[in-house]
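Have a look at these structures, which come just after this line.
You will see two complexes here that share subunit A, one where it goes with subunit B and one where it goes with subunit C.
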Partner chain A sequence: MRWKLALFVLLPLAFLVCSPVLFLLTGSLMDPGELSQYLSPILSQGKGYVAWRLVPQSPSLRSYVELLLDSPEFFAMFWNSVRITALILVGQLLVGAPAAWGFARFQFRFRKTLFTLYLILMLMPFQVTMLSSFLVLDSIHLINTQWSVILPAVFSTFPVFLMYRFFRSIPEAILESAKLDTGSAFQIFLNIGLPLGSAGIVSALVLGFLENWNLIEQPLAFLKDKTLWPLSLYLPNIDLAKAGVAFTGSVVTLLPALLVFLSGQDYLEQGITAAAIKG
Partner chain B sequence: MKKNRIKGENIGLCFLLPSLTGVCLFVLLPFLDVLRRSLSSSVSEEWAGFQNYWSILHNSAFRLACWNTLRFVGVCIPSLLAISLLLAVFLQRLGRLGGILKTAFLFPMAIPVASVALVWRVLFENSGLWNSLLCRLGAVPEDWMNSPAAFWVLCGSYLWKNLGYDIVLWMAGLSGIPTQIYEAAQVDGAGEWKIFCKITFPSLLPSLYTISVLSFLNSFKVFREAYLVAGDYPNESMYLLQHLFNNWFRDLSFDKLSAGAVLVAAVILGLILLLQRIWNWEE
Partner chain C sequence: MERLHSKNQLPRPHPGSPARLIEIDLHSLIGRRRKKPFTLQAKALRALAGFLSLMIFFTVLSRVADSLTIARVDLQETQKRSIDHKITASGQVIANGAKTVTSFPGIRVASLAVKPGEAVAENDPLFSLSLEDLQQKLEETELELEKLNLDIRDQKSREKTEADSRSTALARALQDYNDMKSETGKAVEQAQKILTEAQNRLEEYRENPPPHADLESLQLICEAREKALEEALSALDALQTTVDQQVQEARQQAETAGVDPDEAENSVRASYEQALNTAAEKAETARSEKQTADHDLAAASEQESSSQEQELLDAVSIAQQNFDQAVSARDSALKAAARAIEDAQKSPSADSSAEKMEMEWQKLSEKIEELQKLLENGGVVRSAFDGVVDKLNIEVGNPTPDGTAVLISDLSQGTAFIAQIPAEQEKYISVGSTVTLKPGGDQKELTGLTVESIQKVQKDSELLEITVKLPENSLKLGSSAEMEAVQPSKPYPYCVPLSALQEENGGYYLLIIQEDAGFLGPELTAARLNVEILEKNESYAAIDGGSLVAGQEFIADSNKPLEAGDRVRLNQP
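For the complex of A and B:
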């Protein structure tokens, strides 16, 4: 019972943690006039402070209409983000799932060394590999194309590691019986490995989506042409003078991530845990 | 039998091959080139020994960035670990309600950095919401983004973003502790604090290492928020190694960048290897 007392701290804290979303949502539903009135101290660098209301005084969808009609570049960037993220995820699956299966289910020479290598690469931040990636991408003339962001991400070793953990937990007995029935090793992977390891695949997709929907460092370094940028880089460049568009744009960017988060939360948690704690 | 094993070997490698080729092509081989560059002069491409390393170690921007990064890690990781552990212990006890609250704490992970950048701007501008609140409470407002206070904004946003991630990890660790042990301790009359110190915390020690490493690695991503809010040259107090690397890259100072990349890689590699002895991934 005494534990319930903690709610007096936990509930407000949880609310505080989620409040930025509420803030964006209210801002996007305000009439643009009301919004810029509240934000005017920032815009004019004048005296006084920004004001805010939890519920808009004059709720309207005008900012959304404005975003829809007057900001073709926003949708170009949105499409860029969708394309980059989708291609990365498909690539990670095509390349990563077989690799994870190979590590989890077969013995071969240098297996342990290679696995350690994958682990180390998974833990290296972008800043360490930035120059290496640039040198290759430059030599094959991919700099300033979206492939310069997609290709290195496809070969990221994190999804391999994640799927490995799940493939590894499939009981050997199931595979043994399957080996007697079906023929080739590849068929076993397709017909038995993939379905039984699907939780791992979905986890990798959910974590991969949240990561790649947020790319900043890579496009910043490799894409000079701003029309190729994903939303994550473009959005903060919207001038606060067009605050309505900035707020609705932020909400629209948030929506896909929110959808993935809510529908894949179990897998997200499984993925987080699988990377850290021995299963 | 032996023949069978060799066959198995080839199959395993076949599965791995596409991935391994890409990794070699995009990461490993070019990293060797970076290693070579770090040891040669940028002008003549001749062997220069450790000259690049010396020059960055004496570079004041590098020292500042290193110091800030260390300070950031030193402040944020222990606080993140402690706060998330505390919250995890409470959430664990709350059952279903705890699960819902956990979702709330995990939520920032899903909020795109770009959306957050806008919120941060409105919050921490000189005439922003946070200062307005401080003013009303009678405290002295601060120019958050253009003063040493920027460092604390950065810490706050890291904590905010990573709290849920660490809570999930701690709770996974907590759920592995058998409840009988707690019941037995309660029967023996141990208080909550004693139970935490004698049972809960020692059982979580193995997870502590992994959670610290993952938190450390996630700390590199704080650059995203920092960059989107404050740009290439933020206030000195939050100028991190990531900013410096990004600026070196933009200025095409590949000699410094390569030496820096090798140094950082070496430090992280050392950390991982140190950890791997304690934390055996295999089997």
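For the complex of A and C:
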């Protein structure tokens, strides 16, 4: 009975939370005329209030055709996003994983101080560090290049934090026995640490993908050339005349994030659970 | 844990193995069996791979579609040139003079002796008419003429009768006028005489009015009354004097006697009071009677004189009225008689029947003469001059038309070239302009010719006919040629082809290239540049250079319709 009650409360809430995605899907299938009718009060000084239908009056794939066949700039920005996100994730793997392993398994001077500094940096919002980052990037001539977005994200502290938790959870006995077999710390990291901490690594990568796929502020601040812009900056350029394309673009932008999340969902759950138990 | 010998022998932990360790802990804690974790994961990974492949496919497809929809354009710079106005027209060579040959209309054509284009000399036969028809026509025309003669005779007779009637009426009107004038004149004189007499009598009466018997007796009465009044007044005065004396004496006596004098006076007055009253009444009565007598006399005099004078005045008045009536009657009668004279003198309304008949008679006579001449010539119609037969408006067996039967070009006046051009080109060509003629075939073109005349085409006001006089023996009559006339203009620094100009709402603009930074890199878009046209011909236009940059390139040609804001791509040379 209790679960029925819980369901009765949770289902509407879940629908409320999912409704923007639902609107997105229905909006992508609407005729441009129908969209103009519903959205004109907010996008073109029309009278009355915004209206919406869950089921379109005249469903149409016109927006999909227009986006997928008539908008080459969308794909240019899509591949920009893919490039930026992939390079960031690879960089985070190459830089963050060893850093997390070092924090987790090695004892060295000022370890705690440094880790605390990492945490502080992780908590600071981008707006605080934007100006200083701009000055540094400009001094090394990276402004208006995609490296101005990639490099700061590669050296982000959040993946280190996530992977640290998982590396910490590896039993010491395993490592000690590995040390007996091989004295190389790198090999232990590579052959023991990475496989055993893969859940954390994957969850860090998944969260990193979700974060970097939706980057807006850094590209807007550091990239002047529109040819370098990622997909997250395509949507702000849409107006009422292209509202259908905006909805369709949002659906297409959502899909990779959804698929990556689904493919790494288990690791995320495991990571959250392990952190809760082991912590 | 087994010993590690080499990297290759290292056990490959399943990605889930640490998780499995954790799972075992979890299972022991939670006690529930975990579902297979990898089915959804594998599917999601495969879907992601498929999605990326699809995106690659659509990327290529959208680029291809984009390249197909983008217009390819050619750029060109403005040129410095003059805007020459070339006028071309096709035309034909005609003879400068053409003459018509007419014939009697309505007569059947028996035979034709010439064809169009054939040269004829003076007196050459052109065609012949049917003799039967000619004879019949002659007889009909003679009959018609006879009828007309009769009509003319009747008309003349009518006119004479009318003239006689008019003169008689006029004479009568004049006679009536004179008679009326005489009669009415006499009546007026008579009335005038009577009036004058009445006026004279009145005058006389006023100057010397006669006395009247009744008036004499009244006059005597007045005199008597006046006398009586005088006597009464004297008696009254005398009595009053006596009373005064008595009163005086009485007062003296009273004073002497020592009696109140006033009492004595009163006593005297009282004694004479009655006498005084009587005398006063008498005087009053006499006065009244006199006044009455005077009044009666005055009234009688007035009445007598006014009644006699009134009679005279009435007589004058009547005489005057009679005179006025006589004058009025005279005037009316004379006016009516004068009008009758005017009516009689009025000329009759214009009647041109006689002239028309005369003209008709003349015409018929000429027709008869012409028919007789034709009959004498055996019905053959000949040419009166040298020339070339241009056109035949007759056919064998059909009646001759009521106009030109044969049109013959008169070669003695030379040939000319005529062509038609739109009226709007008039400003580019004028009399005296130099033209070039390009005949067809192998003939050489003729240059340096001048326009002889420019006239409006009667049937079409939007066309002009250009005539160019040709030198002798230059082009054959009837041949066609192309005329070309060029009017040069001053050089303009900025000229563009007309195909590059766009028109909107009465204004013109060019499309130029603008480079914008787009999502796919630098993009070329068409931008609008408004221009003002100074002059143009059918291929180029000179524009005002105010809005142009030096060396400005514009879109001269495109493989698709273009509007400002469209993305474009340059055609590779």
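What we mean here is this: the second predicted complex is superposed on the first by the 244 of 279 C-alpha atoms of A that agree within 3 Å, B and C clash if a C-alpha of one lies under 4 Å from a C-alpha of the other, contacts with A are read in each partner's own complex, and residues count from 1 in each chain.
The working rule: a contact is a pair of C-beta atoms (placed from the backbone, for glycine too) under 8 Å apart; a residue touches a chain by one contact, two chains touch by 3 or more.
Since the model is a prediction, treat every value here as computed from it, not as a measurement.
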Q. Where does A:56 make contact in the superposed view: on subunit B (first), on subunit C (second), on both, or on neither?
A. neither
Q. What is the contact status of A:68 with respect to subunit B (first) and subunit C (second): first, second, both, or neither?
A. second
(Q) Output check: A:197 vs subunit B and subunit C. Expected answer is one of first, second, both, neither. What do you get? (A) second
(Q) By the touch definition at the top of the document, which applies to A:76: first (subunit B), second (subunit C), both, or neither? (A) second
Q) What is the contact status of A:32 with respect to subunit B (first) and subunit C (second): first, second, both, or neither? A) neither
Q) Regarding the shared-chain residue A:23, is it in contact with subunit B (first), subunit C (second), both, or neither? A) first
Q.
One more residue to check, A:127. First (subunit B), second (subunit C), both or neither?
A. first
(Q) If we overlay the two complexes on their shared chain A, which of subunit B and subunit C does A:102 touch? Say first, second, both or neither. (A) first
Q: On the superposed three-chain arrangement, identify whether subunit B or subunit C touches more subunit A residues.
A: B
(Q) Per the definitions at the top, what is the overlap between the subunit A residues touching subunit B and those touching subunit C? (A) 234, 260, 265, 273, 277
Q. For subunit A, which residues are in contact with subunit C within the complex?
A. 68-79, 82, 169-170, 174, 177-178, 181-182, 187, 191, 195-199, 202, 225-227, 229, 234, 255-256, 259-260, 262-267, 270, 273-274, 277
(Q) Going by the contact rule set out above, which residues of subunit A touch subunit B in the complex? (A) 3-4, 6-7, 10-11, 13-15, 17-18, 20-21, 23-24, 39, 41-42, 45-52, 94-96, 98-99, 101-103, 105-109, 111-112, 114-116, 118-121, 123-136, 151-152, 154-155, 157, 160, 185, 189, 210, 213-214, 216-217, 220-221, 231-236, 240, 246-247, 250-251, 253-254, 257-258, 260-261, 265, 268-269, 272-273, 275-278
Q) What residues of subunit C sit close enough to touch subunit A in their complex? A) 1, 3-4, 7, 10, 12-13, 15, 17-19, 22, 25-26, 29, 37-38, 40-41, 43-45, 47-48, 51-52, 55, 58-59, 61-63, 65-66, 69, 517-521
Q) In the complex formed with subunit A, which residues of subunit B make contact? A) 5, 8-16, 18-20, 22-23, 25-27, 29-31, 33-34, 37, 87, 90-91, 93-94, 97, 101, 103-119, 121-122, 125, 127-129, 131-132, 135, 160, 163-165, 168-169, 172-173, 176, 207, 210-211, 213-214, 217, 220-221, 223-224, 227-229, 241-242, 245-246, 249, 254, 257-258, 261, 264-265, 268-269, 272, 276, 281-282
